[in-house]
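Supplied in structure tokens, the structure appears directly below.
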Amino acid sequence: MSALIFYPTALIILVFALITIFSKKIVYALLASVMVFMGAGLIFYILGAEYNAVIQLTIYVVAVPILLAMAIMFTNVRNEKNQIVTGARKYAIYIAAGLILMSFVYLVAIAINVTPTAIFPNQIADVNSFRMFDAITDGFFTSYIVAFELFSVLLLTVVAGVSDNAK
Amino acid sequence: MLSNIGIYHYLILALFLFLIGLCGTVISKNVIKILISIEFMLTAVNINLTTFGLYCKNLAFDGFIFALFYIAVGAVELAIAVYIFYAMYRQKQTSDIEEYDNV
Amino acid sequence: MSEFFAANLVWVLLYPFWAFILIGIGRFLGVRMSKPLLTGITLFGSGLGLVFSLGALVNVFINGASEYLCSFIKIQKFLLQLGVGVDLLSMICLSLLFFISFFIQLYSSSYMGSEPKYYRYFGYMNLFNFSMALLLVSPNLFQIYIGWELVGVVSYLLIGFKYSNPIKSISAVKAFIINKIGDTMLLGGVVSLIYIMYAYSTSQFVTLDFSDFNLISSVAYAHTNNFTFIVLCMLLFAGVMTKSAQFPFHTWLQDAMSAPTPVSALIHSATMVAAGVFLTIRLLPLFTMSKDMLIFIVMLGMFTALFCSLCAICQKNIKSVLAYSTSANLGLMLAAVGFGNVNLAVLFLIVHGLIKAALFLSYGLSNNEYFKNNTEEQTISPSFIIGAFALSGLAFAGLNCKEQFFLTFKPNIFLTIEFLLVSFMCAVYIFRLCCLYPLSSNKRKNVPEQLSVWIFLTVVIVSTFMVNGSILGAPFWIAFVGAIVAIVLTLRTKYTKSGCVSIVCEKGFYIDRFYSRVVFNLYERFTSIFSRIDIWISDNKLLFYIARYFVRCAEWVEKNIFELPVKLIVLCLRFASKEVEHAQIRNIQTYITYGALILGIIFSAILLMYSFIINSLGGIG
């Protein structure tokens, strides 16, 4: 069943990501990127991370596009033309991406035979919604409490900085 | 065969998404498009983290927690970036990144 | 061989959904698919579905019922499964769905040919096929609810297909709202049933599978008192009443006729409205527990049949006559289900679906919707008259069904009289149409359209010989008399403009106006009370001063206490950012490019070295 969802979703993600970076109109790029983030949320869901999927949907499908849409609306970005660079830099990054892609695919092709001991490629952890929530809340409030607090401080800082400078 | 989706399927998908984001960061001129591309890279990393959180038993869902942190980082980064973009736009009246050479 | 069809049915049923997504995404990307390609995609899905559902039907006869499920939601012991339940009823209905939708899509390919939003129409058709199939093959009540909602949405989209016309878009909204009322009640019924199962039974029953619905209904009956049980059944049955356009909610079906004619034929007469009968048959174990409920179903069905037949006699528009007739015939089916004769209900469902599809399509042959929808311009084509014979019970499969109905209702004299009255009126309204409007040769001479109409009629005629029943009993003679009366009266008086009774009937006994004036008015009164309370509170000076005082206090606290740390942080950051400013670089994109390039080279070099070393050592694994 997850194959049935995975392949179309992966296709949607990649196709819309390509549309995003190659489209001439910035609004279309934004809309296509929403599809990509939604697809990523679906991938989280079939991985069993339901909480992550919900957070992904609320932040990346709702909040982030609205923020970017605000930025587009307040400025005159829409009417600018020629939004893709020309020149050697473009081909250099394509070559780099190709190299990285080939090396990682090669790595996977090797790793199918030689598996690291900590990973069980065909053996999924027993995912149960309640167990997952338990684990996540435990993680937030015991092992990663410092990181959690730091993030709150970071968020506070951002809110403070932006609200101060926006005056 | 079709029903067997393993760890490598997710990893390859994340790799592709990351590379698309990387290319997008470099080839586009528009600042907002660059921001979206950076978000693509973050999403790809999130997919990786979640996949490892699911497939490595001794991690005990730590991957999921890190993915949540990452989402928060992405949102914060975007908010600041959009703010900086807006401040720059008021000065330069353009969204071309090459004009933004003195922040 | 036949297990193959049953096991792979799920892929075939998912195909229309992916076709819908494909068409939708294709439009988003600006890909213009050609019309033959769109038609081909859609027809392929329906044809494949027809073949596979017939194969699965054969499998049911050979190997018995089977289920192909996958888990959907798992919360501790609660495991909800979606999938395909292959049994006799679902496969019969599925074959009917795909058969009718195949030929109606063929018909649409030329009928809607000049339509600029052709792609959208076929996308919706695919979505309808998917959602209706989802409803019909569902193994539990949850999946039925999902399909139920989806079907309502598609119906809304297709009624309002020409949304630039305000009348059509208003009828779409009306159909959607009335269906929504029923859907909400159905959801309430499902949730209460789950609650009872949670409280009084094992977790196996919580998912409301139809395979153990007998036990579920006995548990529900044992642990509720009589009143609660009736309320539960009524909540579930309200969904049926709205979807099948039964008495208090039948008004949406007349307005739904503003959809394109093939849509009316497919959705609003043959398949979607029959979903109510389907659900009633599925829930019959529950309804059988209470005798009052069964009596209510029979009474409601018969009353709707009588009422809608009466309304149909005085309609001026052919399509609204057919709409009222659909409500009436669905009432007959529900009465048969309530009487316990499920076979007859399913038989009449199939026969009625085919006849109604043929009638609507032959209406579309001789009338073009793109002309003005004027009453005088409507005409009748020859195939319509053959359909009229079948519908009224004068000949063909309709005759056999009416005979069976007569035999079923024979024990109860009251019901028998009522049924004979209904079939009399049925003959009257359908033959009145045939005499009232001129017979015309077809305005549209396209092959696919003619072909699909005649195929439906052929199936109706051929199936006469497969259904055994006594011939020429009381219903035949009643219908015969009705036809004669209709022909004589219509030819002599042309009773389109007669007394006040016919006006009352034509307006459907003013039920629509009752809804729009009285109910809406009451609703407005009710809300105005709350708005007055609101105004009273907001005009109150004392409350206003108290609130302002508190706001000022809060403002002071925020300014002087909460903002302090923020200001401190801002100062620190300002200091830090001045330091960092010097480290800025020019044109970061070039740096990213160099970084990625170097990284790629390093990665590939390391991997090449790694593989070289492994190869030289003789390899691992």
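Letters A, B and C name the chains as they come in the text, with residue numbers starting at 1 for each one.
Assume a residue touches a chain if its C-beta (ideal position, glycine included) is under 8 Å from a C-beta of that chain, and two chains touch if they have at least 3 such contacts.
Given the structure is predicted, the values throughout are model-derived calculations rather than measurements.
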| item | value |
| --- | --- |
| Chain-level touch network, classified as line, ring, star, complete or other | complete |
| Farthest chain relative to chain C (centres taken as mean CA coordinates) | B |
| Between A-C and A-B, the pair joined by more C-beta contacts | A-B |
| Chain B and chain C, separation of their C-alpha mean positions in angstrom | 41 |
| Intercentroid distance (Cα basis), chain B paired with chain A, Å | 5 |
| Chain centre separation (chain A, chain C; CA means) in Å | 37 |
| Per-residue overlap in chain A, given as positions that touch at least 2 other chains | 1, 4, 85, 89, 93, 96-97, 100, 104, 161 |
| For chain C, residues that touch 2 or more chains besides their own | 589, 592-593, 596 |
| For chain B, residues that touch 2 or more chains besides their own | 22, 26 |
| Interface residues, chain B side, partner chain A - complex | 2-13, 15-17, 19-24, 26-30, 32-33, 35-37, 39-40, 43, 46-47, 50-58, 60-62, 64-65, 67-69, 71-76, 78-80, 82-83, 85-87, 89, 93-96 |
| Interfacial residue positions of chain C with respect to chain A in the complex | 14, 18, 21, 25, 29, 70-71, 74-76, 566-567, 569-570, 573, 589-590, 592-594, 596-597, 599-601, 603-604, 606-607, 610-611, 620-621 |
| Chain A to chain B touching residues, read off their complex | 1-4, 6, 10, 13-14, 17-18, 20-21, 26, 29-30, 33, 36-37, 40, 43-44, 47-49, 51-52, 55-56, 59-60, 63-64, 67-68, 70-72, 74-77, 80, 82-85, 89-90, 93-94, 96-97, 100-101, 104-105, 108, 111-112, 118-125, 127, 132, 135-136, 139-140, 143-144, 147, 151, 154-155, 158, 161-162, 165-166 |
| Parts of chain C lying in touch with chain B, wherever the complex brings them together | 581, 584, 586-587, 589, 592-593, 596 |
| Contact set on chain A toward chain C in their complex | 1, 4, 8, 12, 19, 85, 89, 92-93, 95-100, 102-104, 106-107, 110, 113-114, 128-130, 156-157, 160-161, 163-164 |
